[in-house]
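Take this structure first; my questions come after.
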Amino acid sequence: MTAAIEVRGLRRVFRVRQGLFAPPRQVVAVDGVSFAVPAGSVLGVVGESGCGKSTLARLILGLLPPTEGEVLVDGRRLSEMDRRARARLIQPVFQDPFASLNPRRRVKDIVAMPLVAQGSVPAAEAARRVAEMLERVGLSQEQGERFPAQLSGGQRQRVAIARALVLRPRIVVCDEPTSALDVSVQAQILNLLAELRRDLGLTYLFISHNLAVVEHVASEVAVMYLGRIVERNESEALFRAPAHPYTRALLASVLTPEPGLGVPDVGLGDTLPDPANIPPGCRFHPRCPQAFGRCPAEAPAAWPAAGGGFAECHLLDPAAPGAAPREALRQEA
Amino acid sequence: MSLLEVRGLRVTFGGRTAAVRGASLSVEKGETHCLVGESGCGKSVTALAVMNLLARGARREAEALSFAGQDLRHLSDREMSRLRGDRMAMIFQEPMTSLNPAYTIGSQMTEVLRRHRGAPRARAAERAAELLARVGITAPGMRLGQYPHQLSGGLRQRVMIAMALMCDPELLVADEPTTALDVTVQAQILRLLAGLQRDLGLGILLITHDLGIVARVADRVSVMYAGEVVESAPTAQLFAAPRHPYTRGLLRCVPVPGKVRRDEPLGSIPGVVPRIPPGFRGCAFRDRCPHAAPACAEAVPRQEAGPGHEFLCTLPPDWALRERAA
Amino acid sequence: MLTFLLRRLAVAILVAMTVLTLSFMLTRLSGDLAISIAGPNATQEDVALIRAAYGLDRPLVVQYLDWVGRAAVGDFGTSYFFRERVADLIAQRMPITLTLGLVGLGIALLVSIPLGILAAVREGSWVDRGVMLVALVGQAMPSFWLGLLLMILLGLQLGWLPISGTGSWEHYVMPGIVLAFSAIPALMRLTRSGMIEALSSDYIRTARAKGLSRLSILGKHALRNAAIPVVSIAAVQLGFMLGGSIVIETVFALHGVGYLAWESISKNDFPVVQAVVLVLALIYIGLTLLADLLNAALDPRLRAS
Amino acid sequence: MSGAVLVPAGAAGGAPRWLRSLGLALGLLIVGLVAFAAVFGPSLVPHDPFAQDLGNRLAVPVWMEGGSWTHPLGTDQLGRDYLARLVYGARISMVIGLATVIASGLIGTTLGVLGGFFGGRVDDAVLFVITCRLSIPVVLVALAVVGLMGSSFTLVILVLGLLLWDRFAVVARSTTMQVRNLDYVAAAWCAGASRAAILWREVLPNIATHLAVVATLEMALAILLEAALSFLGLGVPPPLPSWGLMIAEAKDYMFFSPWVIMIPGIALFVLVFGINLLGDGLRDMLGTQDAR
């Protein structure tokens, strides 16, 4: 199957200037990220704050230029397209429905904005497509006349989705689309996104810190830690048998609504990841409960994991002495 | 006698909007009571009302509001401030902004003990260092001299907890203490709170929107909706047999790994959280409720569905069972 | 911290250079300075003589470089009108203007900080409204007119203070009050909004939750954070006040730098004018530098980085 | 089902609304009255503001002993009708205020928006220009320029317009920065909208209200500065009746007949007060709007 979207060796370095005479510090926010997403599927990207998942979204959307690497849609490089052509292929849905809509414009004008930006859609045609899109996301024509301040958070996120889909893109990058919403509204929006994906044949890149949500929507999951994808696998396989110690810790810290289980010990230390100061070797080793001599010395390769994915961990190296992955799993249980 | 007893709490802002409309709950000694609900349901306002920390312009009324047998309703501001930070303490959602950026951790921690116990500076610093170690902060002596901005969010929340414990309080009110934190840090903080409670016999009133947290740490749960406690039960009981349609809807909205299949729609509650106009009568959930009936516009009875399990609905206590049978 | 300082210093020097250039250009705006200096009744020869005497016959670039080179070592040339070295003139007059500025700032701070705090603590009350009204009145009051009113009231009718001139401390009271009026609204609003922001912050809620006394909450926790911007703005305001002293010194015939500037402008004494512009700008630049330093000293977040 | 429950959420509480709008209304009223006087006044007042009548110098206003309705506000030291001059002075103040705001608003907004929107080196340059401008003492430079080039009405406008753009630039820059980082601008970028369209449709409408507040402040400042320049004799040239100039000309008589400086002074004060009230009212409206 051809990939709807492919990312090759994406890397982004921020230079943080500290002073006129001090050498600028380098912060590697995204460090060599590659993946391909088949058409019609959903790649979930999970990780904690500062792991680079939002930078990754901005790189893919063209809001930031990459330091290295390429994004391809249907085998064509996005960097070689003009922005209007790119807009017809890939669109965003952002986290904060209060900041993502221009407060001075009516809902119908917000949704029409991408059509206007194309410059080639006649007004009547645009109005028709806006009306159709509003209905599709569950908003009335009357709500189309309102300003964003007159809508609830969930309704605003519906507007943002309508705006993203009005150009009928192939790919939608959802950056924490439900994190600012209440659970009952979150469920509405997740259901809507799933329905639209099926009906319109969309491909999603779904970025979230909420593993339970990702598990629900994603067919494949990538776990990011300090700018790298440390584990990627089919959703089922990853949640059933996480291979990377970080993935295991993440999964362990998800508090499912099951009484009586108590709060798990995730076994991570106090040292928090600092993107400006990435540890040598395996970047997770200072927090890893299973780190051993090789971890600070050598960056792990991507070893295959059960289910067809991979994880970057020395424990998975068949040649590693005394560090079988089974043992790690038992400790978790 | 409950440690904290709240009955018929009402909070209004500017006489126009009722944020809390007759909420009741009680926290026992050594118990964790979770108050859960969506944004705007009044759960945080309830917590602030208990501590008498409401913003100016807010009015608080209650049929009963007592702490360890002491009626809090008629205490003066001065008397109340003697209790706060001493016998009842509170921590907040935003560890990044809840500490004063202009003073060191040590200064902010010690002033609690100095204020309530008149402790000399050195003794207060000793106690602060001891508590920092207790909440799992390494090199507490060094931390005392640091400013809040030098600590990560997780560490700051630990400092907040340590600061709350300075005077050995009997009650800790925690308002969404882990919402701003990453999941792994959240688990660490919640574990810490659970451990402290076990060791110190604290009563905890935990405000949260996260049913996962409720399930894992609560002894008792109260579910709030539109300013009312609509259901209250021991935790296991609530998750096993929720009675209020809102509780049931809420539980179905949460994606649970392994329970809801991918591609299957999640349960959801239609509509949005309403704003309650003055003089409103009946059930506030009726606009979104699949079981709404004309009777819901009248006064809604508070019913018992088992020991310590109350809910606010016109449906009979065994409605769910009958529905399943039918 | 050191790099921050160096960076700030580098910017300050660049700004100073730019102002140096601007103040030179300013005096050449009118075209032929020699004609302006010579006055309307001068003959062709007079103008030529003046042109040669002041080096105005040289190319502009040479004149500019000459001026920069001299200004760098504090030599601003000689005044046409006073027949004295400009640097000496400014040095004589500067203490008067600085005294006036500091008196004005002192009065402004004494009035605006307590009132600003009071308004913030009683936000929305009649006290607050009253304080805001004072700010509005202060903003709308033309300083020269206020000066005249004070002269009539305090000088003539009550006879408490000398109407104008330079000499005793009493001569600074009325101009100081008038100058303070120009800074009070800004400082008062800033104190008020800073206190309101601090009082509604999460850390004040924490302080209340800790059961601290009202005095400690206001005086220790809120004021410290609200004071940070006020202190730095006060330094900047002093700069504006020195710049604005020209009007007040003229009204009260207080012989400071501002009065000197006004006299020189009326007499087309351009070496003095450009020197005063430069010196006031340099003082302002120095004060903003000071403001940044104060800020860094008061705010631990800045101190560390 | 009862729709009564569903009332859309909105902000509640705050200071008494009538009081806030009272300030705004008063500001509007004052500015409106002065604008009316500026436009129609000179044709309604029977006297010529420039006509001297040396036989009738310093006639007192009507409410004082010996005053008459022929000259309701009295006459000045040259016997010119004070009311006519005051009304004509309103025209000068308003024109200078508006023209300065337009000129400085264009300069400052352009600089600020460019710096805030493009950031990086553009912003460094803009910030530097603003810093330079702030370090120049405004009154002194304005006086020097007018002094060296000769006083004229247009020169005053030009000088003030070129000097008073700093606050526009500062506010436009900071608000543009805030707006630029909001996701709706990112969405417009992803939708392929041009930079010009983003600036025009997404950024400007959202900073316009802030700029309106600055405009009132700057207009008030420009009017005060013009009065100060004219008072020092280096503003609007005589015999034009600028309020500042009227005060300067009357200064010598103020100890004996204080009303000669009171009348133009009060006019100046009230106008500036009104404009500031307007600005405060606008700011309050902004505040409630932002607190969604």
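Each chain gets a letter, A, B, C and D, in the order it is written, and its residues are counted from 1.
The rule is short, and it goes like this: contacts are C-beta pairs under 8 Å (C-beta built on N, C-alpha and C of every residue); 3 or more make two chains touch, one makes a residue touch a chain.
Because the structure is predicted, anything quoted here is derived from the model rather than measured.
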### Query
Which neighbours do chain B and chain D have in common?
A, C
#### Entry: C-D or B-C - the one linked by more C-beta pairs in contact
C-D
### Task
Can you check how far apart chain B and chain C are, centre to centre, with Cα atoms defining each centre and the answer in Å?
53
#### Entry: Intercentroid distance (Cα basis), chain D paired with chain C, Å
22
### Query
Can you give the whole-Å distance between the Cα centres of chain A and chain B?
31
## Note on the structure
Residues of chain A that touch two or more other chains sit at 152
### Message
Using the touch definition from the top, which residues of chain B touch two or more other chains?
### Response
272
## Note on the structure
chain A residues touching chain D in their complex are 58, 61-63, 82-88, 90-92, 94-96, 98-105, 110, 113-114, 116-118, 149-150, 152, 160, 163-164, 167
### Task
Can you check the complex and tell me which residues of chain C touch chain B?
200-203, 205-214, 216, 220-221, 224-225, 228, 298-301, 304
## Note on the structure
The chain B residues in contact with chain A across the complex are 38-39, 136-138, 152, 154-155, 182-188, 190-191, 194, 209-218, 235-236, 239-240, 249-258, 260, 262-263, 265-270, 272-273
### Query
In their shared complex, at which residues does chain D touch chain A?
8-9, 182-184, 186-194, 197, 201-202, 205-206, 292
#### Entry: Residues on chain C engaged by chain D in the complex (per definition of touch)
11, 14-16, 18-19, 22, 26-27, 29-30, 36, 124, 129, 132, 136-137, 139-145, 148-149, 151-152, 156, 239, 242-244, 246-247, 250, 258, 261-262, 265-266, 268, 270, 273, 276-277, 280-281, 284-285, 288
